[in-house]
Structures are given as structure tokens and as C-alpha cells.
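Note sheet for the following structure.
Going in written order, the chains are labelled A, B, C and D, and every chain counts its residues from 1.
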Amino acid sequence: MAIESFGTERAARRLRLGMVGGGRGAFIGAVHRMAARLDDKYELTAGALSANAENAKVSGEDLGLAPDRIYSSWEEMAEKEGARDDGIDVVSIVTPNKLHFGPAKAFLDAGIHVICDKPMTLTLDESLELVKIANDSGLVFVLTQNNTGYPLVRQARAMAADGTLGDIQVIRTSYVQDWLTTALDQEGQKQAAWRTDPKLAGAGGSIGDIGVHAFNLAAFISGLELESVCADLRSYVPGRQLDDNANVLLRYTNGATGTLWTSQVAPGNYNRLSIGVYGTKGGIEWVGEDNDNLQYTPFGEPTRTITRGGPGAADVANRVTRMPPRHPEGYIEGFANVYTDAAELIWAKKDGRDPDPGATDVPTVEDGARGLAFIEACVESSSKGGVWVDARPDL
Amino acid sequence: MAIESFGTERAARRLRLGMVGGGRGAFIGAVHRMAARLDDKYELTAGALSANAENAKVSGEDLGLAPDRIYSSWEEMAEKEGARDDGIDVVSIVTPNKLHFGPAKAFLDAGIHVICDKPMTLTLDESLELVKIANDSGLVFVLTQNNTGYPLVRQARAMAADGTLGDIQVIRTSYVQDWLTTALDQEGQKQAAWRTDPKLAGAGGSIGDIGVHAFNLAAFISGLELESVCADLRSYVPGRQLDDNANVLLRYTNGATGTLWTSQVAPGNYNRLSIGVYGTKGGIEWVGEDNDNLQYTPFGEPTRTITRGGPGAADVANRVTRMPPRHPEGYIEGFANVYTDAAELIWAKKDGRDPDPGATDVPTVEDGARGLAFIEACVESSSKGGVWVDARPDL
Amino acid sequence: MAIESFGTERAARRLRLGMVGGGRGAFIGAVHRMAARLDDKYELTAGALSANAENAKVSGEDLGLAPDRIYSSWEEMAEKEGARDDGIDVVSIVTPNKLHFGPAKAFLDAGIHVICDKPMTLTLDESLELVKIANDSGLVFVLTQNNTGYPLVRQARAMAADGTLGDIQVIRTSYVQDWLTTALDQEGQKQAAWRTDPKLAGAGGSIGDIGVHAFNLAAFISGLELESVCADLRSYVPGRQLDDNANVLLRYTNGATGTLWTSQVAPGNYNRLSIGVYGTKGGIEWVGEDNDNLQYTPFGEPTRTITRGGPGAADVANRVTRMPPRHPEGYIEGFANVYTDAAELIWAKKDGRDPDPGATDVPTVEDGARGLAFIEACVESSSKGGVWVDARPDL
Amino acid sequence: MAIESFGTERAARRLRLGMVGGGRGAFIGAVHRMAARLDDKYELTAGALSANAENAKVSGEDLGLAPDRIYSSWEEMAEKEGARDDGIDVVSIVTPNKLHFGPAKAFLDAGIHVICDKPMTLTLDESLELVKIANDSGLVFVLTQNNTGYPLVRQARAMAADGTLGDIQVIRTSYVQDWLTTALDQEGQKQAAWRTDPKLAGAGGSIGDIGVHAFNLAAFISGLELESVCADLRSYVPGRQLDDNANVLLRYTNGATGTLWTSQVAPGNYNRLSIGVYGTKGGIEWVGEDNDNLQYTPFGEPTRTITRGGPGAADVANRVTRMPPRHPEGYIEGFANVYTDAAELIWAKKDGRDPDPGATDVPTVEDGARGLAFIEACVESSSKGGVWVDARPDL
């Protein structure tokens, strides 16, 4: 990979971006904005950044929005932006899970492309409905299961798809944190509170907040369809309404099996996302906190460390690489890759052309439904004492 | 830890050691012999090293045994050694699983202490019978679940026991290999062949050969009693009779839960044994291939790397430490700790005194039964489609 | 660190940014632009992106610059932008080393703040002159020795300054690459060609391009003044004009000593920047490719892994932290911290107030002179056969 | 590597081993004994374990020596053992450096093979004399620069020798500890005291105790001849007589250059021995505390992790491998490889045949002289202010 090819933005055209959620006190909204800015493909133009009118106002001012593009209601924003000639091209929905479906439907109905945070909706039913709405709309819908944007995750997916690993037989994946080891959610911490409230987060606690990332990562890389799960969910902190630890067995339709573990009560783990995918010809291992390296073992040969931007990095990885090897990229860069690919998909629609093939490697509305099907299957399995439950959405 | 305290053998007295199995072409027998030799507590004196008379003879000659101490039958060896004034004090049984119970019973009956490889017997029934025999005999019986000998595994156990971790809630453990990714067992490789033959290995393949190590490690460190398992065992290589991959959910009687994964078909893993134990106050993580370091996180504080022999190493670890920190010790040294502790237990019996307290930290005949109960529960669970099965032996 | 505090941009006011260099075919210019964009503190407004008029034009168009803000001469840009009411507030100079001094002087003379890439100038003499010019101007001058922007490098500096490490005695640092193992510079690769051309790069090859980063990192963290060096520089690739490997001994004025190694011919190293700083009370170790972790050992205690955003992360690190722990940040984020702090320094000047104290932790024009003094001392030392040469600039 | 081939001892014949030094309170003697025992090639038969008669006696009893084989004088032991029909075949000299030359000469004169700890003698002059004595004797002389026994160090040496790395250009090596960060040597700690006493240790402190290991490792792997050094030695702890930190530049006769750093005052490092060897075709990196893995990068390809016993492990490594991959081996095992190879050399002499070719890969008396030349050159260089000094012994 020639060093001069990194980080060429070639922007010129920027999409007008709106945002629902992400005002002061929020976390993930700022991440979306950094991701959108990094490659200069978007210009933040409008926002319903908070349901609280005052917070919406100051948050919009923080971000330099014009007064008439600051909304305190996403319904109003969808309506007005949809009606403007210079209305937003695309909206980012970065609210708690409960407020994904409504805005997504509203903006799609208003003819505005949608980028939506995960899990896609509060329930699988909502997700299945949103699949229809999005598909009928002809608009771009991108789900920010952001780990799919890491260059070496893209490469791992390609290695599974092209047969490098042989027939995939075994998967293990986990996403582990420790921040809910104590009853933070019951002490007024905003991020903890909504994530453990079934009315705002849905049926899944850790399984919905982070387990779904592990599920999605396994599906994205392996290309396999999850068939069923057997799950044991626990709320170890007294009084917590949703699970804070989940142990899950996985069965894929091709006969592969796996384990998925997610926890928010495992001291010493902050955001440890990890996966191994093993086939008849080789295995790969990747850890999110060391995202710039992929361990690849052709069976019977020494393990190779494939480094982002370095020897052995594939075209699909290089396409979304900004920096030379071992100048670390990270979470924001991976997130930005999803945004930049979303921009390409939108421009392709606008231009009436096929998108750059690589840009289609982003999570779809169907992937969102698969995530909800996974979450609900885990919850059902566990509530029945740990039985096998079909995890396939009716797509 | 003062540097001069490392590696003092103070041997003088050596136990006379016999061995069943471990002739030419075997693997683990040589490991047992190195372990026995390291601290000079044993002198190999007799052997029924092979059921094949010629191999028994040449193998015994290899090892410098006197001609009259070379046997081709363990029955004969038990009888004759038991009758000699200078007969062996203790026997090591290092045969395939099928040949554990018979020799163990015979030598105990002959008044000879027993060191036995894992899994303890072919079936749980045999194990339960052996528990009675061993306990009635008043002799020392030590099971070489050798990972219990690693200094920092001992320390991890102490940290769980003394409340450093708080209430243990979550365990994840795995033992992963790749050497059976192809049909090696069907190509005449001796080690592969017996391990995949239910007549020689018992009901478990990977779960019995290596999964039981992960189970034992979790039990040894956490001190928890396993209640039940839900297991999904697979034989991915066509024609293989026993499992080569097992995904297992664990439930402990105190309410803790966990996952256990074992595989012999995961390319890139040679002998990756790994565990994490997480409680309300802290978590520990340990990997066998990096046995000299223990990651310890008091919740809310930075992770500490505790290095064998270094700052933070506890007395129970230092007691079985030979080398200064970062002069790596390894598998043989950990194995030797089990042997050296076994010697202390035997001498204490002979001397009619209590053993050094630390020496009792070795796996017992009851632990052997727990291992078989675990294996058989996993096999039963999987054969019934993956249901929860009680994994407690009737001790 | 509360999770909601990450990544709040609170931008509203953006500085108008110009850029000299960084057109198509360049590398570091795009990095500067991403760094400037990340926190939304700058708006790219003007550029002399290439000395080639056509490249300057298309590169400016790539970036959406208005036609009248696209220049093909930095002299013209300095003059015109300095004269405009809406002229740029600050210029980034991202050209090869030869073209640092001239533009820096011109923009400072035009009353425009300067952000300049490293090494600061072609020669120490130029650097010393620039120190005077910058100081006389009253304007902000920031040198993008970007490693100073990593949160845990800031923390390491604080730990050295506040006595946590005791008296610093020993430093080892290195910056190692392999991309010049072959004669890439003689095969038309643009990045390689100018970096090995003394007319464009100055007297130092690897020592000037990357060794100066290691020098600067050691100085920034330790707070020590380098007294003298003894250097052995080599050009291992035949025909290469400048060094591609440098082995250097360091002596600091406080009596500390160290080693510095830089190489561009060490296969397997892409951008391995590493440092250890050891004092009477403790030691710290940090590696750029794992920038989110800092190993800290209080003497006689276990090593702590301090993770960015996690337990043990200090205020100075948290101040420049965007993401929760183990959602990796990287090179661009660290670079952006320098840019964002530069913005604060500039706004403080404009607002007539003291800047946020943390913002002054960026490399100064004097640091640039120290870098050139280091480079020239190494070159002189080596050319004299490896003798000790004073490395202190006459500031 | 077939799993059944590991760990076959095939001993039968044991050499009678004597030991000088290594009584109670000593450290390295016990390591030598474990190393000698591991493969069952030696039987400890006689010892002058301490110059203190009482300690010699109890130490000999500890080890089960016959009363008439316990000596309190090595002179007496050499004389008597040399005269016995069943006298020792070989002696291990494990005393402080001052007591290497005398015993070595005495036992060689008595016709007894010698295994001697490093550094070989107190002075280079002694070493040069010993070279002559040893060569004239026709006996085996092996120096326990034990790192040469690690399987992957052997493999690294082979990869340098067979051209895999191309022309070697750059070497960096270091051996770093922290145990002398405080004035332990002045507080009566025996190991610290003699190592910092020039009368017992020689002219080098850290450079003689551990720096010589790094020097030897570089020479052993690279096969290059060191030409000259430029060294900066320091005693950071007040009152310490010998260096506790050394920064050294290296020049090899083939034009390669390097850095060597050794320290006993670098908190957080216990025994960190590390090396990188870089050539025109590839690079290798190895760290003692992770001795079972070798990082190998063919230039322009991904880095391979070669694991002892695993895919990619070479014959020279497999020859000295006991355990399957990732069942860690360590310091004792590496040390044992030197002992076991020494046994083969001695048996070959006795049998009047050529030894197994692999067995000659052990450090020789000439290597010992090279070590002393290195140490004395570093001391001279530093004492002259850090000038280049020839480091070649007059062999």
C-alpha cells in the first residue's frame, strides 16, 4: 500500500446531516458527529438534539446550528426538513432504543435517508415493520453496528467469504464491560439508567446493548445465518431490571456452533469485544481494543499478524484505511467508515448510479431485524430456563 | 521474595517411584518423569511401561531400570512391588483413560500410594468406586490435573478464597487446540487414535481430554461447586467418534454462571487454556501459555500484572516458585509442583505428621469424580439436544 | 470518568484555517485536516496546497475551497490572506522540511498564527531565527510533534513532573520503521525521495524524520534537558544520501542517560515508537502502537496498566479523551488534541485571556529548535566517528 | 512435529557430576542442578558447595551426597576426584566470578570436563589463559550462557546463518532488571553484595552480570563478530562500586551496528532480555520472558509468530523441545538444553566419536573470552568518557 494513498478525502460535496438525540449529557451523539466529520462528507445542518426544549436549544447552539434548524421535536424536524429545498439529506438517529422506530419511520416518510443507531428498534415487531418501510421507501438505511467499519473486520469478512478459512465450524465471540458492576443505574447515572430500563432499552440489557454487537460481528464476518440460541441471562446487581451478564450457545444454519458471552459486571474489562472464527482451512482472531491487527492462521502454518495498512492487508481493508500501519486508528475511524460508506450509498442514489462496491459492506435494515431477533430469542430462551429458541427473523 | 530462596531442593530423601504406561511412543509419561525429577524427590525404580513386553523391556532399559523392576503387566508389578521390602512407595499411572481404574485399585490394594493422570477413570461409576477405595485405603491419591500446580493458579485460588474478588458471579474458561482439525486420528497417529476412541478414552473426546482441565481449573480457582451444564458437543471431522468441539454453559450452586469452550479444531490454537473469574470486588484473568503472569483488577482500579516471583506474588505462589520473576517457568515446573506436593503428602503419612499446609492444594480423588461427572453430564446434555443436566457426583 | 463526559465538542466558533502543502500526492496534509476537523474547531478556508499550479487548483477543489482562496504560492497566500478582513486566522505548514521556515516567517509577518510540522526547519540556524520571529510576533506557534497529544503521554509527563517517578535516571526510546529497507527512494516513490534528499529534508534522514519524534517524546515526558549525544548514523541502502539507521547515546543535564534508536530498515516494524522512563521511585513504559495503555510500576509493586479513560487515568489525560476506555483512540485523535489545544491558545489570544492551562502542553517553537539541535548534533557526532557533541540549542 | 516425539529421555547412562559452589544461600547452583536433572543425563556425585566447611557439609547432605564426596575445598575435590576410579566425569562451577578461573584450571588439569557459569573469569587475561588450558586439555568446556539453549534462539541463529535474514545490518538488544534500584547491596543481601563488589565480580557490574548475556545472545544469533563498543556506564545508587546501568553502541566487523542496554535500576523490569536482528531480507524479534515465541518478518510480508513445537519450528529447535506448543517451557528447560548438549559432547569424547551435530551449538571457552573482552571494552570506553574501544579478544 503506497503511503501517499492514505487519507485522501476528496470531499467537495457534503451531505446535509440532521441529528435526532445527541444533545448535552448524551454520549453516542458526539461520536456520530466526529465520525461524520472525519472524512468531511457531511455538514451538520439541523437537529432535534433533545426532547427538552432548552437542552435542544443550547445543544444546537453548541454545534453552531442556525436557529431555525434547531428543533425540540423530531416530528416537527422531519416535517419541516422534508419540506425545505435545502432540507437535510440524511438524518442520524442517536436516541435511546425506544426512540428509534418512530423517528426512522418519520424521516423515511419524509423522503430523508436514515442512519440509525443499534439496536435498531425496541422490539422485533417494530424492526420487521421498519424493514418494509425502508425497503418500500427506496431510501438508504444504514445501521451503525460500527464494528463493521474496522478495516480488518472487513478483511476478515472477505477471508470468510472467499474460502480462505474453509468451511466455518466454530465461532466464539464476546463483548465484556465492568461499568455496571455496582448499581450505577440506581444512582442516577443517565447512561446506566436508560440502558437498564426495559421501557427505554427493550427486553435486553447487556445482551441488547453490547451482546448485539458481538452477534452482529460474528454474522458480519462469517456470513453465516444464526439458527437458534440457548441463553442464560442474569441480573447480578440486586434491583436491576435487565440482564447484566449473558452466556449464550449459538447454532448456525450451516452446522457451525459457537459461544457468545456478554457482561457488564466483569471487573477489568472496559470494552472488550473479541471474536474467533475457525474453519477447516484456517482461523482468524480479532480483538476490538487491538483493532489494527488481525491474527490469521492457515492451518498447519505459523500465525500471521496482519496489520492494517501493512503487508497482507487486503484491498477491502485498504479502501477504508487512512493511516500507515501502526499509526493506530480506532473506534472513531471505524465508525467514520460506516458514515463515509453511507454517504457514498446516498450519493449513488442521488446520482442514479451504482455505488462503489465496497460501500455496500455496511449493516442494513435487515441486519437490524436480525439483531432484534437475536435479542428476543436470548431473552425468551433464558426466561424459559435456558432452552433452544429459533433466532431467525421472518424476513 | 529474596532471590536466594529460589530453587532450594533439600532433597536427601527420595521416594521410590513406579510407573504404569509411559513407554516408547507415549507422550505424557516422559512429562511425569521430568516433573518427578525436577525437585529430586523421586527415584524411578520400577515400571510397567507398556503392555507390549518388548516395548516394556526396551523402555525400562532406556530409563535405567534394573531388569527385575521392569514389568510388562501392571498386575504383576503391583503384586511384586507390594511384596518387596524395597518396593516402590508410589506409582504413577500414565496410561490411556481406560487403564486408570484397574491399576489404581491394584496399587492401592497393594498398599502403594497413587498418582494418577486425568480424567481419573473411564466412567463416573468407576470414579465413585475409586473414591471409596482410595478413602478406605488411607493412602495418598493425587490426580495430575497439573494446572493446579502453577504458582499463580494457586494464588488465584487464594484470592477467591479470601474474599479478594468478592462474591464470584461469572466465570469463563476455555481450552483450545487445533491438532485434530484434520482426520489425524484416522491416519494412525497414536495419540490422536486413542483419544478419539470411546473404548479407550471414555464418553468424552475434547471435553474429556482437555475440557476437563478447563472445568477443573475453574473449580480449583473459584472453589465453587458446579451444579449443572448445558452442552453442545460436535464431531466436526467426518468419521470421528467423539466430540472435537464443545460449547458449554455452566451454572454453579452459588448462583454464578459461566461458559466453557473446548476445541481441537480451532486453527491457530495449540494449547490455549484460559480463564477469567469475576466477582463483586474484582476480577482475575490467567492464560496458561503466559502462566507466569496473573491479571488482577480490583474493581475501579487499574489492572495489576502480578508476576510469579515478583511484587504482589503471594506466599502460596512463592512456596512453589523456583526462579526469579520473568525467568520463565512453565508446564513442567507446574507439573513438578503437583509431584513435589504429593511427595510431601506421602512423607507426612510415613512420618505420621501433618503435611505442610500448602501441599494439600493438589487435586484429590473426589476432584477426579467431579471431572467424570462433568464429562458425563456434558455428553448427556448434548445427546439430548442441549438440555440442562445436573453435573454433581454423588460423593 | 463519567461516560457522558466524552466527546463533547461545544464548537460553535471555528477558526479559519489555511494550509501550505498537502495537495494530491501528499500524505501528512490529509492527517492535519482530519485532526483539525475532528473537534470542529477549524474550517479549512484557504490553501496553497501545491507549488504546482494545476495540482494546487484541483487539490483545492477537492477540498471545496472557494476559487479565490486557492493559491499556488504561499507568499501570495500570506499576503492576500493577511490583508483580508475574513482572512485565515491560522495556517498549517505541511510541506517538506525545506519549506517550513519561509512560510512560517511569511505568515507570522502577516499576523497569522502558525501550526508547523516537524522537524521545524531545515537547519538549526533557521530554527533559532524562527524562535526570535515567533516570540517577537506575539502570535501562537505550535509544532506538530503530534505524539505529545496522546492522552497517556500527557499523563506520563505529569507523572514525571509531580515526582511520581522520583529522580529520573534512565531513558530508552526508539522509533523504528522498515519501509526504506529497499531503495524505494531511488525508485520514484515521492515520500521516500524527499525524505532522503538533504536539500529537502536537511542533514538528517531517519534521525530527522522519526528520530526527532523519539527525542521529543523523551523530552516532553521527562521534562529533562538533553546535554549531549554520541551517535552512529548509517545509510545501509547503497546510494542513499541520508541515514536510514541511527544508534544514539544520550546524556541529560541532570545526570540521566539513555539510548535512542531509530531505523527505517528494520523489517517487521512499521511505526514502532516506544519509550521507557525510569526513576528512583518508579518506571513507565509506553508504545505508540498501543497508545491507549500506559504501564506504570511503582518500584516494588506490581505493574499497573493505566488505560485511557479508565481507572487511574489522570485529569490531564481525561481532558483530551473522547472515548470510553478500550474503544481505541489513535494517531488522528492524538494529532487532533494538538490542534484543539492550538485553537484554545489562539482563541485565548483573541479573547485577551489566559488559555485553559492544559492547552499549553503543546510543543513550542523552542521545542522545534531543540529538535534541530538534536538532529545536527547527531549528524556531527557521527560524522566525526561517534564522539560526544553538545545538543543544546542557544536559546 | 509429532506429539509423541516430545520429551523422550533415553537416559540409561548418567555422567557423574561434581559442583563447585551452590550451597545453601546460593541461587544459581540450584538452577544448574535442576537443569542437570531434567533430562536425567547426570547424577550429582560430589560437591565443594561452599568454602565454609559447615555450609559445605549441610549443603552436601541436603543433596544426598556421600560423606566422602563432600568437600570444603575445590582444590581438594579436584585432586581427589581426579584420582578416583569412580571420580566425577564433569564439574559445574557456579561460584561468584572470582572463583571461576582457579577451579576451571584445577579440574581441567585433573582431567575432568568443565561446565562453567558466566562471565567466564574475573579478567580477560584469565580468560585468554583459560582458552589455552582448555584447548590443550582436549576436554569439554561449556560456558553456561544459558540463553543459547532456548529452542527458538537456536532457530534464530539458524535463520541468520542460512541467509533467511539476508545481510544483517542492525541489532538491538537489552537485558533489564530493577532489583538494584535501591542500595540492596549495602544492606547485606548476599546476591547483591558480591555482584557489586569488583573483587568478586570483576570490572563490570550490570554489564558483567547481565549485559554479557545480551552481548552473547546477539553474537550467538547473528554469528557476527563484535568489533568495538562505545559505552556509558553509570552507578546510579550512591556508594555502589560497579555500574548498575550501561548504554552501549555496538559495531560489528561486517558493518552492522547496534545498541545494547542493560540496567538493574529500571523499575518494572525483572529479567527482561530482548533482541531484534534485522537484515536485508527480514527481521526477527525475541524476548526471553516469552521464550516460546519468535517473531519473524520476511520483509514485505506479514509477521509470523513461530511457536516452539508448532508450525514453522525448525529442526534445530525441535531437537531441544520437550513439550507440545504452548505448554510453556522456560528458563530451566533452556538451561537443561545446554547441560544435555554438554553431556552429548562429553559422551562423544568418551566414545571416541563425533557428537550429534546439534550438540555443538553451546557456548565455548572462546565465547567466554569474547564476553570478557566485551565487558572490559565497555568499562574502558566508559572510563575514558565514552570513546570507541576495540572489543575483540586476542584469540
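As a convention for this text, a contact is a pair of C-beta atoms (placed from the backbone, for glycine too) under 8 Å apart; a residue touches a chain by one contact, two chains touch by 3 or more.
From a predicted model like this one, the values you see are computed outputs, not experimental measurements.
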item	value
Chain labels contacting chain B and also chain C	A, D
Required steps from chain A to chain C (each step between touching chains, minimum)	1
Chain of greatest Cα-centre distance to chain A	D
Between A-B and B-D, the pair with more C-beta contacts	B-D
Mean-CA-position distance for chain B and chain A (Å)	43
Chain A and chain D, separation of their C-alpha mean positions in angstrom	54
Between chain D and chain B, distance of the C-alpha-averaged centres to the nearest whole Å	34
Shared-contact residues (touching 2 or more other chains) in chain A	269, 296, 300, 303, 307, 310
Chain B residues within the chain C interface of the complex	296, 300-307, 310-312
Residue ranges of chain D touching chain C (in the complex, touch as defined)	169-170, 172, 174, 178, 181-182, 230, 232, 234, 236, 245, 247, 249-251, 257-259, 261, 263, 265-269, 276, 278-285, 295-300, 303, 385-388
Residues of chain D defined as touching chain B within the complex	2-4, 6-14, 24-27, 30-31, 33-34, 37-40, 61-64, 179, 189-191, 269-272, 288-292, 307, 309-310, 322-333
